[in-house]
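Before I ask anything, let me first share the structure, which is written out below as structure tokens.
Naming follows writing order (A, B, C and D), and every chain is counted from residue 1.
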Amino acid sequence: MKMNEAPAPKVELRNVRFDYGGAPILNGVTAVFPTHCITAVVGPSGQGKTTLLMTLNRLWQEERPTVGRLAGTVRIHLNGGLVDIYEDRYDLTWLRRRVAMVFQSPNPLPMSIYKNVAFPLKLAGEKRDHRMEERVQAALRQAFLWDEVKDRLHKDARELSGGQQQRLCIARALILKPEVLLLDEPTSSLDLRACEVIEALLAHQKESCTMVMVSHYLEQVRRIADRVMVMENGRLLPRDAA
Amino acid sequence: MLYKSLKTLVILSFLISLLFFVSMPASLADPLAAFEGMKGEIKISGGTAHIPVMKAAAKAIMTANPEVRISIAGGGSGVGIKQVGEGLVDIGNSGRQPTEGEVSKYGLKMFKWAIDGVAVVAHPQNGVKALTESQLKEIFSGKISNWQRIGGPDKAINLYTRDAASGTREVFWTKALGKGEIFDKANVVVSNGAMKAAISNDPYGIGYVSVGHIDDSVSAVALDGVAPTMERVVSGDYPVARGLFSNTKGDPGPLAQAFLDFLFSPVGQAIVRDRGFIPVK
Amino acid sequence: MTRSEFLTKYGFMAAAIISAAVPLAIFIFMALLGYPILTSGRLFGTLLGAWDPIHQSYGILPMIIGTFILAILAVAAAFPVCLGCAALVSDAAPGPVGRFLHGVVRMMTGIPTVVYGFVGIFLLVPLIREAFGGGSGFSLLTAALMLALLVSPTMILLFCDSFGRVTHTYRQAAAALGATTAQQFLFVVLPQARNGILAGVLLGLGRALGDTLIALMLAGNAVAFPDHVFDSARTLTAHIALIIAADFDSPEFRTLFLCGLTLYVLTTLLVLGVRLTMRLPGRRP
Amino acid sequence: MMRHAFKLFHVWVWGSTLLLLAATGTVIGFLLVRGWAGIGRELVFGETPVLAALMLQRPVFDGLFPAMVGTLALVLLSVGMALPVGLATGIYLAEYATGRLYSLLSLFFDILAGMPSIVVGLFGFSITIFLHHRFSGKIYPCLFISALSLAVLVLPYLIRTTQAALEAIPADLRLIGPSLGATRFQNIFHVLVPHSLKSILSGILLAIGRCAEDTAVIMLTGVVVSAGIPKSIWGNFEALPFYIYYISAQYADADELTRGYGAAIILLLLCAFLFGIAFWLQRRLSQRWFERV
């Protein structure tokens, strides 16, 4: 996919403003993240990149107590059309099962590898064991982790290496077959080798999933991102304009 | 024919009555047999002078019949009378006779199963072994506050008294102090047992306790020359005497009745004597 | 929101409402049962008179005074010791020693009150009697000393907490100027932690006011106004424990609720005080 | 001059600490020295054969067994009653309540936490008497009433530990569940509560300790000098702390006094044990995750 083809928008932000307890973080972000692309968001730290991701799955609303305030519209292509995800009729759970997220540092839950990956499926109400096993295996394969863990699925997930843990988290995010995957500096705590594996697997997911990735490393961005945007002063600009 | 059947009848009735007479004394001899087949709880509270007898009786009864549970609480005579009157316990003990007002208000039935006295007690090492009534009044009203004035060492007198619910206090206050003042700076203890323990530990303390509770750990003080022994209480020489009562609201229920019967049985009265009181039978 | 989400949320809320209703219910119940006294015109007499049921006088003032004196004595005795101990635990002692002592103090919070009372009777009472000849040993002082021991861990832990919250940079600044541990503590930590110290004192007072067993077992329970610390005295808490009334309509029973209400109001005021001090500005010197 | 002043500082802090440790050591030491010799089978079971007593076939007299069973029953009942309400309230406070409601609820629980136990006892007692008068003559002060009153007493502890444990969970952990599509309830039960289980558990242990040691509440609500093993929650009962109180004031002879010392040692050890485990659990919390593989 080339940049000049102008693919269909998957995520569309229009004049999104966000302030956290009165302190402005996003000052009118307007942007489009196209379908089946990896869009990288770069910029100095403390510019609200993570906040930007959290406006896309409304995760900021989980902060307790919630002091954030959002204005503007965020629309995502779900259910066959662009929908305003902040409309009351959309359930948070429903949204987050379609817009998954992977965090900066690997955060497996303190359970076995299998249970970690199966966790979202279990929450979604899957009760058939064989279905569960199939999906877990598929997700682990997608995350390039199956071969490494297939013999120890019931070991504690925290025994894995950092890179493996992060891939586990990616598998966990992918198991519900999300349409959008939000990645918050997914490789920042990993070594180069682990980093490359993750980059490779992300590139593989492009066909099924639209990705928005916050990153520090321009190298990495150059390797896998289709589009690059720069976050500056609470605004998001295309890289060439910056 | 008629004669024969009459004869059989006579023999039969004789045999039955024989059986009756043989078996009756047996059941009389064992008052615990009355509890056979009974189960449930007897709640007892009130007078603290009663507690040793209550505990011994409960032990005997509960050993013979574990199905019966007897719970014993203190609180003092006033509490016992009120609690039984309000229906909170089955038996309310009092170390004084319930007043007419109390009897008519609650419909109490009284059972007096022992005679007791209230004696002034001091520490065994205390030299003061006898007091006159007027000395006693002055001590308890706080006017005499040093042992020296009554022939003891030059030490302050530590007064111990009971709270207003106590029957022991009531009897002592009426019969020994002639309803005179009790100094309000006196230490207040909660029971006869507590009084004895407190005096036995305080070389300069003085208090009053049920005669039945007196042992080596405290020394009884003679009042106007009469030593507070059970003999002198019975003979009427020692004036501060009283009965120990168990009270029920109306007629006692079967369990409470069995318990009271036990107290009045030879075994029960032996317990009463053994704990230092004078049995009524 | 799904049905189960809705149900669980309101289930939790119901539990919270029940829990919050408890202190309210206690207050309302006490007030209702004490109401006849509050309105009978005898309130003044009941609050200020002497306790002498035989003469129909049911005053609780001696107990109120006893409660105050005892609590203040206990906290006053405990305060310098607790402050010193907290200073050692959080500041002056080397790390492992401090941590060990902190653990010991926390374990001390677990010693049952009745054990303090028990040892008080058989150890402290004779000691006080011998050492200060004359009294029976059951006195305000005896109870206050044991009570001081009881409230110490609470106070120390709170003090340590507030010392620990003093910004590290201030200490470093002081240390950079060549201040010794003692100087840092006295001139930097102590002034900054004063709200926490106040909160600790108030909390200690609350504990001391509310304790029943030590006062009941050691203070002697005399109903008179105490004149000095060797006097026997009765607290509100011990009074409630001693007057086991069973008859609903007797004045003794009614006055118990006055005692209960008084304790309720006192401890509530202290709680409000603690909350207030925690919120006070003044972390800055 | 200053030098001396600051030497004084060290004398003060070390002196205070040693004084406190010495006082506490004296209390415990005195108890152990006087009472240790009395610890044994007879202390607990009197003259009753141990097995028969444990099987509840024969009642125990002159032993601590009934009081120990009474305390056990009391603790189980009251913590059992307080736990569901306390946990749910703590969760509500930490995860749902906001703003003014949060402050108001906190204030109420602070007031409840500061309430003297005798006031709680008086409340339980007077409610019982009230019900006895107005509704049924069959309602007395009893084990159930005591347990209920104790539940009120420990409720704020359970609420506070639950709330504090949940609020201490770092934001990144808090967000994992929701980011994977967990509802708030699912997040609480699958992630947050399991993660704070240890500190909640230590709060429960502290509550148990509080139930086991409190005397003021039970002495107004149904504890008695002698009752035997509690057979029903509607009957009177014995309990260790009350036994200690009772013996201290009115032991009849040396044997009873020895039992009083024994009871005090047992209660002390019980509380030390509970508090020890609770603090050990709390310390282990510094490890970020709980084990549930």
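The rule we apply is simple: a residue touches a chain if its C-beta (ideal position, glycine included) is under 8 Å from a C-beta of that chain, and two chains touch if they have at least 3 such contacts.
Here the structure is a predicted model, which is why all the values come from computation and not from measurement.
Asks: Any chains in contact with both chain A and chain C?
Replies: In this structure, the chains that contact chain C and also chain A are D.
Asks: If I average the CA coordinates per chain, which chain comes out farthest from chain D?
Replies: A
Asks: Using the touch rule stated at the top, which two chains are linked by the largest number of C-beta contacts?
Replies: If you count contacting C-beta pairs, the leading pair is C-D.
Asks: Please identify the chain lying most centrally, where each chain is represented by the average of its Cα atoms.
Replies: Minimum centroid-to-centroid distance belongs to D.
Asks: How many angstrom lie between the centres of chain A and chain D, each centre taken as the mean Cα position?
Replies: So the centre of chain A lies 47 Å away from the centre of chain D.
Asks: Distance between chain B and chain D based on Cα centroids, please, to the nearest Å.
Replies: Computed from C-alpha means, the inter-chain centre distance equals 37 Å.
Asks: Any idea how many Å lie between the Cα centroids of chain C and chain D?
Replies: The mean C-alpha positions of chain C and chain D differ by 18 Å.
Asks: Starting from the mean Cα coordinates of chain A and chain B, work out the distance between those two points in Å.
Replies: Averaging C-alpha atoms per chain gives centres 83 Å apart.
Asks: What are the residues of chain C that contact at least two other chains?
Replies: 2, 244, 246, 248 - these are the residues of chain C that touch more than one other chain.
Asks: Where does chain D touch two or more other chains at once, residue-wise?
Replies: Within chain D, the residues that touch at least two other chains are 95, 129, 133, 183, 249.
Asks: Scan chain B for residues touching two or more other chains and write them down.
Replies: Residues 86, 88, 189-190, 198 of chain B touch two or more partner chains.
Asks: Show which residues of chain B lie in contact with chain C when the two form their complex.
Replies: Going by the criterion above, the answer is residues 75-76, 79, 82-83, 85-86, 88, 155-156, 158, 160, 163-165, 183-190, 198, 201-202, 204-205.
Asks: Going by the contact rule set out above, which residues of chain C touch chain B in the complex?
Replies: Within the complex, chain C contacts chain B at residues 50-54, 125-126, 129, 133-138, 220-224, 231-232, 234, 242-248, 250, 252.
Asks: Quick one: which bits of chain A touch chain D in the complex? Just the residue numbers, please.
Replies: Result: residues 57, 59, 62-66, 92-94, 96-97, 100-101, 103, 105, 107, 109-112, 119-120, 123-124, 154-156, 158, 172-173, 176 of chain A touch chain D.
Asks: For chain D, which residues count as touching chain A in their complex?
Replies: Within the complex, chain D touches chain A at residues 94-95, 98-99, 102, 171-183, 186, 190-191, 194-195, 289-293.
Asks: Under the touch definition given earlier, write down the residues of chain D that touch chain C in their complex.
Replies: Spelled out, the residues of chain D in touch with chain C are 6, 9-10, 12-17, 19-21, 23-24, 26-28, 30-31, 34, 84-86, 88-89, 91-93, 95-97, 104-105, 107-123, 126-127, 129-130, 133, 152, 155, 159, 183-185, 206, 209, 212-216, 219-220, 241, 244-245, 247-249, 260, 264, 267-268, 271-272, 274-276, 279.
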